[in-house]
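Before any comments, here is the structure.
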């Protein structure tokens, strides 16, 4: 029994159908719990109540990057082992990742307005998220543009591969180009830099919630894509017979 | 000795299998004419043998770099002259002289003319002359006689016969009689893929992902 | 390979090849900028490095879809794929031909346009150097984008959408070199990064582009 068993769409549908309700429930509890808990935290002495947007901003940013990483891994699996579920999972993750990026950008702007006095600042972190968003848009546009599903999976996989390298390059190029106003990493391992536990624990819960939310959305969308492919195949057969 | 040998080949177009279980061999000096109604998979089969698309299953055995493919489009550049077009392909394939090819398809008088000034039939002749400068033994021809008049078809048949006589081989998808009585006919109808009769997929696998 | 390069160059300079169009586009762009931002010299010379780089990038983008689309239409690409030439080599050669007909003229004429935009004198050598180092990467990445979109009916717009984000690092380092040259700072670091990106692109992207072409020929 290996993990590749689930490359079989039928098995994948069956197994994901079993775990999906639990993941959805977990996502709902953790997201709502984390956000409510976060909202009830005391106000920061420097940033006031605006700091509470961190419970939305950081998990969304985290998932925005991890969604792209997941797409990269799924694309590699498709290109190397030709498992259809993998390609469809990459396709399913893209819009979710794009929305996460958008949430991170918008909450960043809302947070930046009172803190930096401007809605938009060409800060390295914000800028590289904007570039990441552009990559998501291109990736999704390419999926939409190609009719043959296997070619679409191949070409988007290649784009994801090359895009990953250049997204990473852009991240460092942007750093080099403009030193920003953005605060350092919210969860740093370096001592003395860490945020206080009052904020940290609700943030962990919220991050877990966003992760489960992402997982649930990707599973649902992958299941839909599999069914759509099956429908198309059945219709094609019907038309030919 | 066969130049190309095909065993249990299945090919797909647009995700649907069109040909299944195809076996044939093509030896030196042989020509096979592919027959079958529109949509039988003639073009798909030729593109698959040329290596432009993967086979679904089955084996294709041939020498590497032995195949020259001529599809529906001639691959001509309108801005270049007949000579320049042919010299380019000759250089890509390692440089045989282009004069015999020009002569074989009766293009010598048109040699200096730009390709955009050629008629459809003349372009086709130039496209076929390209086969001679590839220097490859196996020709895969997809409807080679489109827009050719009777005289040109005869020229083409002569060129083909010379090629076979020199130990070449050809697989030709065509509907008209080329005047090649020695060519065998391969009808694709018996190999037409029948959905629902496949045993080669793992049990329970979703039918959308063949 | 030489035959392919010669053919592509010959096609580009013959009638209908579109040679020089990108250059004219570059000129028009640099003419329009002062109309938009005002002709005040200090301001122009401050933004000149960026305008020249963005202009070169857009001019390069303009002719990308020609790299493979015409060969795909007339069937040459099928024949090239079955030729003894490795497809990776063909891709690299076609990108080189694109650079010779688009990128190189831009490099040569950029100083003239720098005059129009009041580029500080010290920046001219660096402008030429950075464009000469950066534009090959633009052509190669463009060839990758063109290979991905070659089979699509409305590939042109999508091509820009896919390729422009890939141009971000090259643009950042390229413009930074010229900007540092203009203010008299040391341009070594961005110059080295720019060269590194170009070399890595030239080494690796042909494989991705050839893989994309094979998918599209299927």
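Which chain is which? They are A, B and C, in the order written, and residues in each are numbered from 1.
The rule is simple: contacts are C-beta pairs under 8 Å (C-beta built on N, C-alpha and C of every residue); 3 or more make two chains touch, one makes a residue touch a chain.
In UniProt terms, the chains line up like this: A = Heme exporter protein C; B = Heme ABC exporter ATP-binding protein CcmA; C = Heme exporter protein B.
Here the structure is a predicted model, which is why all the values come from computation and not from measurement.
So what shape is it, when you link every pair of chains that touch: line, ring, star, complete or other?
complete
By mean C-alpha coordinates, which chain is most distant from chain C?
B
Return the chain pair with more inter-chain C-beta contacts, choosing between B-C and A-B.
Spelling it out, more C-beta pairs touch across B-C than across the other pair.
Most central chain by CA mean?
C
If you average the CA atoms of chain A and of chain C, how far apart do the two points sit, in angstrom?
Between these chains, centre-to-centre, one finds 32 Å.
Provide the C-alpha centroid distance between chain B and chain C, rounded to the nearest whole angstrom.
Going by mean C-alpha positions, chain B sits 37 Å from chain C.
For chain A versus chain B, what separation do you get between their C-alpha means, in angstrom?
48
Please output the residue numbers of chain C that touch at least 2 other chains, ranges allowed.
Those would be 218.
What residues on chain A touch chain B, complex-wise?
8-11, 84, 148-150, 226, 229-234, 236-237, 240-241
For the complex, give me every residue of chain C touching chain A.
It is residues 144, 148-149, 151-152, 154-155, 158, 161-162, 164-166, 168-169, 172-173, 176, 189-190, 193, 197, 205, 208, 211-212, 215-216, 218 of chain C that touch chain A.
Using the touch definition up top, name the residues of chain C that touch chain B in the complex.
2-4, 7, 10-11, 14-17, 73-76, 78-85, 217-218
Where on chain A is chain C touching in the complex?
Per the touch definition, chain A meets chain C at residues 131, 134-135, 137-138, 141-142, 145-146, 151, 154-155, 158-159, 161-163, 166-167, 169-170, 173-174, 176-177.
Given the complex with chain C, which residues does chain B contribute to the contact?
Going by the criterion above, the answer is residues 47, 50-54, 65, 67-69, 71-80, 84, 87-89, 91-94, 130.
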